[in-house]
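Paired with chain B in one complex and with chain C in the other, chain A is shared by the two complexes that follow.
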Partner chain A sequence: MKVFWILSGLMAATMAFALTPEARRGLEIAREADTRDLGFGDFTADMEMILTNRQGKSSTRILRNRTLEQENDGDKLLVLFDNPRDVKGTAFLAFTHRQGPDDQWLYLPSLKRVKRISSGNKSGPFMGSEFAYEDLTSQEVDKYRYRFLGTENLNGIEAFKLERRPVDPKSGYTRQLVWYDQKEYRIYKIEFYDRKDALLKTLTYEGYQQYLGKYWRADRMFMQNHQTGKSTELRWKKYDFRTGLSDRNFDRNALKRAR
Partner chain B sequence: MGALWFLLAAGGVARPGEWSGQATLENFGFAQNGQSERQESHVVSFTVQPEYYVEWDGGRQSFTFEPFWRYDHEDSERSHLDIRELTWLKAADRWELRLGVRKVFWGVAESVHLVDIINQTDLVENLDGEEKLGQPMINFAWIESWGTAEIFLLTGFRERSFPGHDGRLRTPIIVDDDLARYESGAEEERLDWALRYGHTVGAWDFGASYFSGTSREPLLQPDRNAAGETVLAPFYPVIDQLGLDVQGTFGSWLLKWESTYRRDFGDRDFLAAVGGFEYTFFDLRGTGIDIGLLGEYLYDERGEDATNPFDDDVFVGTRLALNDTWSTELLAGVVIDGSGGGNFVNVEGQRRITDHLTLSLEYRAFTGTEAEDPLHAFRDDDHFRLEAGWYW
Partner chain C sequence: MAPAPVPTPVPTPVPTPVPDTGIARYARGLIKYRWPVLIACFALVGFIASQARFLVINDDYRYFFKDDDPQLLAFNELQDTYNKNDNILFVVAPKDGQVFSKDALPAIEELTRQAWQIPFSTRVDSITNFQHTYAEADDLIVEDLVTDSAGLSSETVAHARRVALAEPLLRNRLIPEDTAVTGVNVTLELPGKETGEQRPAVAHARKLVEDMRTQYPDLDFFLTGFVMLNNAFEEASTHDMTTLVPLMYLVIAVMMALLLRSVSGTVATLLVIAMSVMVTMGATAWIGIPLSPPSAIAPTLVMTLAVADSIHILVTLIQEMRRGRGKHEAIVESLRLNMQPVFLTSLTTVIGFSSLNFAEVTSLNDLGNITTIGVTAAFVLSVTLLPALAAVLPLRVKPAETTATGMDRLADFIIARRKPVLALSALLVAGLAALVPTNMLNDQFIHYFDEALDFRRDTDFATTNLTGIYQIEFSLPAGSPGAISEPEFLNTIDQFAQWYRSQENVLHVDVLSDTMKRLNKNMHGDDPGYYRIPESREMSAQYLLLYEMSLPYGLDLNNRINVDKSATRMVVTLEDVATDRMRGLTEQGEDWLKTHAPTYMHVAGSGPPVMFSYLTVRNSIGMFQGTLLAFLMITFTLIFALRSLKYGLISLIPNLVPSIAAFGLWALMDGQINFGLTVVSALSIGVVVDDTVHFLSKYVRARREKGLDTEAAIRYAFSTVGRAMTVTTLVLILGFMIMMMSNFDMNEGMGKLTAMTLALALITDFLMLPALLLSLAPKQEALAGLPTQPAVPVS
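And now, the complex of A and B:
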């Protein structure tokens, strides 16, 4: 066992050495942001998703989210759909993993059927919105390679500017530019570059609130697609932390009866 | 007083009960006249299906009520009222108990549903067997780290619904459910039971099930009814059925398997199986569109003597999802009989119009059927079905 720890320590050390100073600093910042959000336990929140097309016509989706933190793996996630009404009662369960593909199930209320679904869909749109699946699943540190690009003043906020490149070849992006505020390591802006490295979307975060005196969550997230002119706004409501959820609320049986 | 306070605390914030539901307007258009002059080529009907749901005890107990009503202008056998769900549920950390009328689905395949046996098929609703009548039951589930084990006590049998003289998509000689006969002396009151074990291990989801009771599928026997007509009388034997369903999920691949072994149904015990795959190209060339390819092989040991048309058949299909604001989807497939007995073509499309309204279109055709194939009965019943669904 001791040998294992020494070996893994050595490996980590060599890997850190292999990184350029910019990469090392980038990884440090990403890890710090991740560490600051550890230990929340679980939370529930309601989400309104407002889709607006190029002509300014909009439609709304309403979802409820339940998230459970895992000790040594990605979060477990249960999403309940309330609107549009034809998908009401549909429920989505995901076990996200730090490495390797996530496990995902979908409950279809009309057939009372639980379907294991492929998690191979990364870049496709979530419910017709400008958010891709990969933009919404848990953002594990290991899913990107980082590079620190410097500090910048973003609309009055002193920010770290990072570039991150997705490890997954199925990602729809070559890279993302991410701005974290230096004080609390909260993300304020992400620019997404498509497979041809052209600017595709910009995501901005607004109205950060602190919960349990520690965990920051934005009330509003706004995604603008520069190539299609469409946009999607997420409005988060009723954040509630440490509600007493357990693994039992995130299994296939719970998926069938979740409301 | 202390105990009362504790109960209230355990209840948490009680959510008020809520009504939701759907109503549909259905329009059938048949390409040809039916074999009987009583059958129309254009049929309009509608359904109403409200649902009431209330939970308490912090979501650990709930009550659901879901009646269903269809009115069909032509076929009085298709007009019917059913209770799809009337259930009380109690969920604890290690177990779940359900009492009442419910619908339970088992299985993974797309073209047929072999292992799915708890509920009776509401055949007048749809030929695909996915519409079910509510089944009264007591259902207990043990939930452990090694999987979920369930027992079902099925208290009361439901007869399969069949179209009447004026209905389309029926056998040339109608099935008269007034003549239903049972192997069991207790008839509809026999207590049937089933067991199921299901688990997920890595990429694999699987279930093994056992059913003992009155067959949901009847054997159809020629008979004469009170009016002196030649009809088919349903006979429901007592059977045992073992079922297995497995799905492996590897990246964009889904691998599927379902098989059953049924005893005491007809002249011989038999094995039936369906196996296949679904492969999806997600976000094709960055358009957001998904295209899936499906292939399944359907087998029934009884061969030509099978009571369904799928004894040695291949299903190929494609699923298209535009992933747009209107969730536009299309599923097209064909089941091809291995011995040239006929093909079944199925195309289903759906699109949302508003937050409360959807439109769906279905096309079904029965081509090249031979007289001995069960599909031959529908040879003049190629049709479009347009349905508007209102959800609240």
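And now, the complex of A and C:
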């Protein structure tokens, strides 16, 4: 395993030197942000998803989230659906990968079957919200190409401004603009540009709390779609770190048992 | 507008001095201060006209509707709940007539990919990116129906064809049964903040079509959809403004030169007209009225109507000079004689056009108001600028005279054959009147554009070969959040869709239950036995969740399901049907819901064609009231002007007959009444009445002042105003015939029907009116009953 790390470190270093100064700086910042969040192990959290349409009519979904950090791959993710009532007991499992498409399964209690979602698609709306699956899963460094655009004061926060372009051609975006605060490398804002490079959505993060004296999580994420006027708010509650979850809690059998 | 007092057959050798009336004093003052008047006119017109730079063209078809239009409100709510349906539809037609070929599919794939680049696009649907679902063991596979088609085997292509034709979402919507053409539908989300937003999208789409044609010469491409419709509105307006106005100008120049045989007179007229139009456009922009079809025709209308004022004043002026008056005295006399008739005819025209405010169509209100401004401006300029110009410009008069022998012969003919003429014309009018109700209200908005426009040709191609553009949309409520998954609800909407599919003229129904049936089949290993609504609400909800998580960007279900999953949108696509059929199918659908569905599902159909089909009815009711009011007001004006209840009432006949006869003839020629035609009676009455006024006032004056009997009075009327009426009516008919060259069918029809009405008005005034006057005359001429006061001195 050590060899792997050394090799990939060398490769990354080689690649980094082949990059422009802006790209190198961008990658550095993204790495630093990623590094600062390493080692959390696992966490659970409750999530409230509030969908609002152009007229201001809204609808709420309630989910529970379990995340397990992986040493040399993307995180494993288990989502339990509590509300709406019709999908209660439905569970979603994803193995995110640093490269290539993620593996995804959904357990349907009405059929008592686990269905693999065999789709390269990850750009569609998650539960009808303004969040795409790709906006919600772990932001692996390798999934983007970066460019440092400079520093900027974002509503009183000294921020780094980065541009990142998804590597996956199936992404719904051409690029994203990301603002990290310079102190803690937390994301404060992301602008999403669609396939014709028009501003599609803006995601803002609010109410960062620190857990275990190290890991920052936002209480509130707000996604505004500029083209349709719809928006989605995510409210995170009951963050709990290092709850003792293991790989056994993140397999197809665990999906059926998950409560 | 009033006919010109063209040379009287008997020229008076020594002109009597002009009486010193108020108007004469005004005219003398005007001549004295001609230079300040001219400068003031030019300055004022220049100032108002400068506002025209703020003129905007509103190209949104929704502008036809009032803000509180119930169908528009319902439709806006539907669009806010789901997504907007502004779209561009590309129709791809391979020259070998087969879409599922290794040559055509890559082009469709490429077009689908490129279409995402169109500004404001949020969604692209085609047969290649259709999200095909199938089962593979316990996997639900969701993928593009066709990918990398250049390297596909013919079996794979044939399979894709079978899937597409079996898919209710695609068949007859994006792929016809013969698979000879296909559609790539691009949904756009326009910000809706200003007009012309769609221009970059249209330009991009056209460029894309051009590029595709170069790259794939074996395929043809067509463009339609609502975004293209809006664009066609704008292009038709621009065409009318840029081609019809100059043409009208040319026609007026030629007519004036022929009639006046004077360069100065022609120049003065053209100046007055140009400045009237400039004031109109400036004031329109100032008030904030946007131009749109059909109101973009207003400049042409204003020119047509403005010219008559000038004819009036200049012809009398020249005639007075021929009689031996000096130029300035001739101006004074012309104004004295014409001020009131010009005012009166302008007033009736204003009344007629103001009644267009009774129309339900905003654009037609605008047309009425803009024209009213123009007619008022033309009146003011004709009695200020025109005489001042005449006083300044060199004006020479050639002593050429013609006698109106044709008119005398016409008078002889009527007097000799009054009974057969009256009987025959009464019979004809009765016959035509009987035909009027056979006209059908119809506003198929695609037919507003003539075949000269790409939009119309492309849309016709799409309608003939692929699918319809007319749709009825329903937002079907399921009663409570999440209830769209209830088996009962899904079964109801499924039956509703089946019912629509069984109706004539229905091409396609897009309904959620089809997707649910397909998913149920996929969930059970593609067993065709499961192609039915899932048994439980939970199943449907969970299948939907799974499906939604598998869909790519832009191809989600948010345009079919609302946020709390309490309602779904169903879209019925129809053939190119008339608006009454449109209304019928909408109402039958609503009735079906009332009979077969629970109360919370009793909703109304919506969508642009539905909106148009109801607007047609409301508009015609409004215009009927408006027209009636205009007739009443004009009849009162005539009773007052002629100072006679009897002649005022008689005037009703020559005023009404042309409209009735024209609509009767229209039933024979066309039989379709769109918005534009509903205003023809109202707008033409103000113009038609002028001929009646002139003929009747001459007749009445002959009876009262000259003490002539009926026959002699008719001869007098013919010989004094007969030729003038012919000339001015001809100018007006030509003006409205120029409107017929508009690309916008509403203007074309309006021009055609108005020109017909005006021609019929002249015929009525020359045949029916004198025959009527002769028949109504008492056997023994009882002149004592008539007031001795002169009628309004109409030349």
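Everything below uses one rule, namely that the second predicted complex is superposed on the first by the 244 of 259 C-alpha atoms of A that agree within 3 Å, B and C clash if a C-alpha of one lies under 4 Å from a C-alpha of the other, contacts with A are read in each partner's own complex, and residues count from 1 in each chain.
In this text, a residue touches a chain if its C-beta (ideal position, glycine included) is under 8 Å from a C-beta of that chain, and two chains touch if they have at least 3 such contacts.
None of these values were measured; they are calculated from a predicted model.
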{"item": "Clash or fit (per the criteria above) of chain B with chain C on chain A", "value": "clash"}
{"item": "Chain B versus chain C as contact partner of A:Leu106, first or second or both or neither", "value": "second"}
{"item": "Touching partner for A:Arg257 - first (chain B), second (chain C), both, neither", "value": "first"}
{"item": "Chain B versus chain C as contact partner of A:Thr90, first or second or both or neither", "value": "second"}
{"item": "First (chain B), second (chain C), both or neither touched by A:Gln55", "value": "second"}
{"item": "Partner chain in contact with A:Phe81 - chain B first, chain C second, else both or neither", "value": "second"}
{"item": "Which of chain B and chain C A:Gln139 touches, first, second, both or neither", "value": "neither"}
{"item": "Touched partner set for A:Arg248, first chain B, second chain C, both or neither", "value": "first"}
{"item": "Touched partner set for A:Arg195, first chain B, second chain C, both or neither", "value": "both"}
{"item": "Location of chain C clashes with chain B - one stretch out of 350-358, 512-520, 638-646 or 764-772", "value": "512-520"}
{"item": "On chain A, positions contacted by chain B and by chain C", "value": "51, 53, 59, 84-87, 111, 113, 115-121, 123-125, 127-128, 132, 170, 172, 194-195"}
{"item": "Parts of chain A lying in touch with chain B, wherever the complex brings them together", "value": "51, 53, 59-60, 83-89, 101, 103, 111-113, 115-125, 127-128, 132, 170, 172, 194-195, 246, 248, 251-254, 257, 259"}
{"item": "Interfacial residue positions of chain C with respect to chain A in the complex", "value": "77, 80-81, 83, 116-122, 136, 138-143, 189, 481-482, 485, 523, 536-543, 545-546, 548-558, 561-565"}
{"item": "Of chain A, residues touching chain C in the complex", "value": "51-55, 57-59, 81, 84-87, 90, 92, 104, 106, 108-111, 113-121, 123-128, 132-133, 170-172, 194-196, 198, 227-228, 230"}
{"item": "In the complex with chain A, residue positions of chain B that touch it", "value": "20, 22, 53, 55, 59, 62, 89, 91, 93, 96, 103-105, 108, 130, 141, 143, 148, 198, 200, 205, 247, 249, 251-254, 280, 282-283, 286, 288, 290, 323-327, 352, 355-356, 358, 389, 391-392"}
